[in-house]
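Quick one: the structure is below, and I'll ask about it shortly.
Lettered A, B, C and D in written order, each chain numbered from 1.
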Amino acid sequence: MGAEVTTRTGEPVLMKGNEAIAQGAIDAGCRAFFGYPITPQNQIPDYMSLHMPEVGGVFVQAESEVSAINMVYGASAAGARAMTASSSPGIALKQEGISYIAGAELPAVIVNVARGGSGLGNIAPAQSGYFMSVKGGGHGDYRTLVLGPWSVQELYDFMFDAFDLADRYRTPVVLLADAVLGQMMEPMRFDREPVDPAALPPKPWTTTGAKGRKRNIVNSLYIVAEDLEAVSRRIQARLDEAHKEVRWEGHQLEDAEVAFVAYGTAARVCLTAMEIARSQGIRAGLLRPITLYPFPSEAVAELAGRVRALLVVEMSLGQMVEDVRLAVNGRVPVELHGRTGGVVPTPREVYEALAGVQEVAGR
Amino acid sequence: MGAEVTTRTGEPVLMKGNEAIAQGAIDAGCRAFFGYPITPQNQIPDYMSLHMPEVGGVFVQAESEVSAINMVYGASAAGARAMTASSSPGIALKQEGISYIAGAELPAVIVNVARGGSGLGNIAPAQSGYFMSVKGGGHGDYRTLVLGPWSVQELYDFMFDAFDLADRYRTPVVLLADAVLGQMMEPMRFDREPVDPAALPPKPWTTTGAKGRKRNIVNSLYIVAEDLEAVSRRIQARLDEAHKEVRWEGHQLEDAEVAFVAYGTAARVCLTAMEIARSQGIRAGLLRPITLYPFPSEAVAELAGRVRALLVVEMSLGQMVEDVRLAVNGRVPVELHGRTGGVVPTPREVYEALAGVQEVAGR
Amino acid sequence: MGAEVTTRTGEPVLMKGNEAIAQGAIDAGCRAFFGYPITPQNQIPDYMSLHMPEVGGVFVQAESEVSAINMVYGASAAGARAMTASSSPGIALKQEGISYIAGAELPAVIVNVARGGSGLGNIAPAQSGYFMSVKGGGHGDYRTLVLGPWSVQELYDFMFDAFDLADRYRTPVVLLADAVLGQMMEPMRFDREPVDPAALPPKPWTTTGAKGRKRNIVNSLYIVAEDLEAVSRRIQARLDEAHKEVRWEGHQLEDAEVAFVAYGTAARVCLTAMEIARSQGIRAGLLRPITLYPFPSEAVAELAGRVRALLVVEMSLGQMVEDVRLAVNGRVPVELHGRTGGVVPTPREVYEALAGVQEVAGR
Amino acid sequence: MGAEVTTRTGEPVLMKGNEAIAQGAIDAGCRAFFGYPITPQNQIPDYMSLHMPEVGGVFVQAESEVSAINMVYGASAAGARAMTASSSPGIALKQEGISYIAGAELPAVIVNVARGGSGLGNIAPAQSGYFMSVKGGGHGDYRTLVLGPWSVQELYDFMFDAFDLADRYRTPVVLLADAVLGQMMEPMRFDREPVDPAALPPKPWTTTGAKGRKRNIVNSLYIVAEDLEAVSRRIQARLDEAHKEVRWEGHQLEDAEVAFVAYGTAARVCLTAMEIARSQGIRAGLLRPITLYPFPSEAVAELAGRVRALLVVEMSLGQMVEDVRLAVNGRVPVELHGRTGGVVPTPREVYEALAGVQEVAGR
């Protein structure tokens, strides 16, 4: 696969989601990948093990997920664009490490090709990792920026955004995908200019480690409570500033009387369901959050002001719905259609759920 | 300490919070403790290592936090009342294991004597582990029941409740304390009858492991998505049923025009601040959630119907405030006074924050 | 199995080797077992997990072999008769821990139900762990006492000896078995009186850990080289004293003109081969070392003074043969018949090897 | 340091032993280093972390010693010249991994900058890791080739030999140094031509991992005992062939009536002691084994035929002395002067020991 990919003709290429993530990372200047195997994301380390050496990058299969995320910590402290990838249980194991990276004010990219849980669960797609991505699944007040792609093209493109956001706000960034996105093949274009890591802006805070150069220390230890509070507020201020990066996409919201709110794979299902609804005379729309943190609360609130109800569709028992309700703050009913455990809802069932919401709200 | 403790005269005893937790666990029938050292909870494993053998229980200092939580998993599968204790970073490391226990529908008790974060942070008290306790910090749709004690007496008493709830709903239960509660000494009474583990109701689902007995398998693997969904819904149904266990406490809410919502150490501060406010002519009250999951949403909503504003006080940059806002759903303003990084707010500053809220809301 | 075992009628019982080891340990007063699964020794932890709780003992399946041996270290420092069991690769992982236990002058019992190697190898019987048991497979000048049983009865009996030797000489003791011995069933008698751990001689060096009692520290750190040398010599002096514990067994050595030297399973094969040889007019004998460290060098040297040659038979490419040659010191030829990788030599091939040696030596 | 090193003027450079090892490895074509910190070898990973990236190589600080050696396994299977370095306890932890590499018939270089033991011991120099290097400290019948340098120049030069031997015989090679050699500074020359890894002979057995290329599997699993035996004999045959690589060095052996046998740091001491002895009229010599496995048995045996006694000097309680005795096979007395725990014997004490041996042997 690698060779063809490098011929950037601008023509559409058929590519698997996980490979698009990996190539996207390399093109975005990532030169340090640390992973540990878990289905359904194994094509990412496979691809990295093959192609990282070609660009002088480092691929390490670590002893464990805990080890992998701490290697990301180290590589990032040394200035590299560094990442790890895993799936739900593996991401849970990385929570402490992510908190350390956040507390040390370091950039990093963490890819979650989510699968069904809790526990061992299965290897089918799921969105039940929303909470642990968006609320900060580890300890402390940190959050991570979270991107929710819905296509192979976005898997590729968002790797550029993820590394840029990470560097800009010195924060871990989570790319929250799922098994459908990771395993599907779609035509896509390599239409972004590869990043030369050497040409990136300098990071004056990195550990240079060498004689004669300025000595930096990267740490997350602050014995005095007031010091730690100051750092936590500085980190939060950066995250607040990152709210200007909020992204979402509207589909036929102009005349909508009722609207879906969904991200990722669930949003793809909703788009089809929306068309069914329109064909049935229901003026449905779709608001797709792209950044899950920062969440497009203003857009949701604005939309709530002009529809009769919102239907949140999630491949979970209800996680993003809380952020939608917080944004709506009681203005209109916010209903949930949730499937879990690896079940992807069908457009038909989602349409029917919408029709039910519309009927109740329409009275 | 141990010997005196066993003389249950009903007289108040001066006891350290962490020791009250440990003795509470033993009295509640816990016979399997697995830990790994971390400040500020080290008195718990210390106490356990000394006193568990006296009751024929098992104390193991594991190789790591990951190992400890998986030993809890194993001991619980075998039918024991099993627990672990740690502090914030250690709890983050346990998230995958907690998700496995939840997915395997097993009881377990996890104590978090929380400290400042993110990352290494410090060893001062914090409430920034609310999200990872209440939203399910690991992967999947599980939640854990969460108790938020505010006194040494409650640290002891709630261990009984934690083990009972865990068994009744076959779920992990988190006792969410902090460094203040763990380290403080307060008079308390051992006024609950010690539990004889042999007299507890049988658990027909345990792995008996022996010839001639029914063979059970404990697992969280469900290859077929619909099967996993069914299990996830069954687990959620138990959690929904557990909403009847919701507990909270009101202080002078009858005539309140403005009220604090706070738990644990922050609630202690608010109680004093409330008295200051009352002395200044502000009719302040305090609603203290005791169960953090299930959250006392109905009580908060009811209160929101008769006050002008709520002030959430947290030792974090704002986590429980989301659950309060979800409950209030726009009825009245919900403000936040949050300190983080190990800083405990003073009654004075909290009173002033309330006065500000009251002034704005009173217009 | 457990129940029958406790009826000590003195009648022969048919028992599997691994179970005899486990019951022997329990009867010898072992109350702390730490293991990690590996074939062909899994019946040991199985048995322990079932029966340890019956005697108030502790069974822990650790996170890894490294973790298990360090738990043995801890339990032994606290005064318990503690053990671990594994098979060849697992024992290799424990080498550092064994060196620590030796350096800390602690008793411990390590059972190796050896299998074919190097590497993953297979699960067939092997004696290629002789070197790493007898020469001290870890770092430093320590040795471990090593027992080489050859029957199920000895597997049981030697557990008493192992724990006694360990306590007497404050040293790790290795029971070196193999997959044949571990898996075979043989009649045996429980004719040793179970040890009450509470009735064992006090160990004044244990870490008592409690207020008001003498404070001991167990460690193997000696910054000053001369101090460490003194400790190493003290440890070696104990091992030298343990040379009085040397044990071996002779079979028809009185009139032997040529003799086998073999231990464990290989010695069983040699015993049959010896009978074949005798039936063919060759006056063969067998010297079976029982303690492998201390090695019965004097007995071998004495024997070398009155036979024409020795044939060492090992299920390895030649390890014990070095100790035999060191003992013989050039007096007579010492030949090797070695099979490896899990192959157990047949009596016929061993007889033929002996016949060849006899022919050459007889010239 | 790095920059100057690359100017290969042929002029003597003053270099620290550990750095000479690291630069030697890089010059020998090593492009994959996996380590974990331990004194007194930390300059090796330090140097590697700095200079490996300059040549496109990989430096990883792993989660543990166990992890590091298994990364060497992986990198070597993929065709890289790979190494790890540690000190005594760390090498003990690597024993299982070394056995796996040996069983998988892979090249690898393991550096042991040995320190005092057993256990934690101290950070002073020691030779008590001879057994675990030379006898195969892990499980199975494997051995490793072992080189025993005695100068900074040899530390550098032998890295070339180590990697060449490893590749030629598809076996792990141990460079057995100690804290004196690792920490000392000596003038040395970079007089060997750096190896271009791309110009090395192809390794047709590597895992290429890519479509369209031959698929190799690297493993050490052989379920059938006879298969494993065949592999073990094949490995041993290679080691037997490697006996032609035996190296040793004689000092004034031509007219010696008594001789030291010593390697590494101990040999340096003996060289001085030899001069003292000569000045006192004792015709002393020194035989310094350079390859410790294969051991120069023929040279030692030949020497034993013409001296009255041998004195083995070791910084241990006696390990190499066994190989000397096996070689001498009773011809002349072989005495030991051993110091341990980090003590380096003085030339004077060693001379006196020799004088005593000479006196007894001379009678």
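Here is the rule we use: a residue touches a chain if its C-beta (ideal position, glycine included) is under 8 Å from a C-beta of that chain, and two chains touch if they have at least 3 such contacts.
Please read all numbers here as calculations on a predicted model, not as lab measurements.
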Count of contact steps on the shortest path from chain A to chain C: 2
Averaged-CA centre spacing for the pair chain D and chain C, given as whole angstrom: 30
Centre-to-centre distance between chain D and chain A (centres being mean Cα positions), rounded to whole Å: 49
Geometric centre distance via CA averages, chain D-chain B, whole Å: 56
Residues of chain B touching at least two other chains: 66
Graph class of chain-chain contacts, one of line, ring, star, complete, other: ring
Chain-to-chain touches, reported pairwise for every pair that qualifies: A-B, A-D, B-C, C-D
For the chain C and chain B complex, residues of the former touching the latter: 49-50, 56, 58, 60-64, 66-67, 70-71, 74, 209-210
Touching residues (chain side chain B, partner chain A) in the complex: 66, 88-93, 95-96, 99-104, 114, 116-122, 124, 126, 128-129, 131-132, 135-142, 219-233, 235-236, 316-317, 319, 322, 325-326, 329-331, 339-343
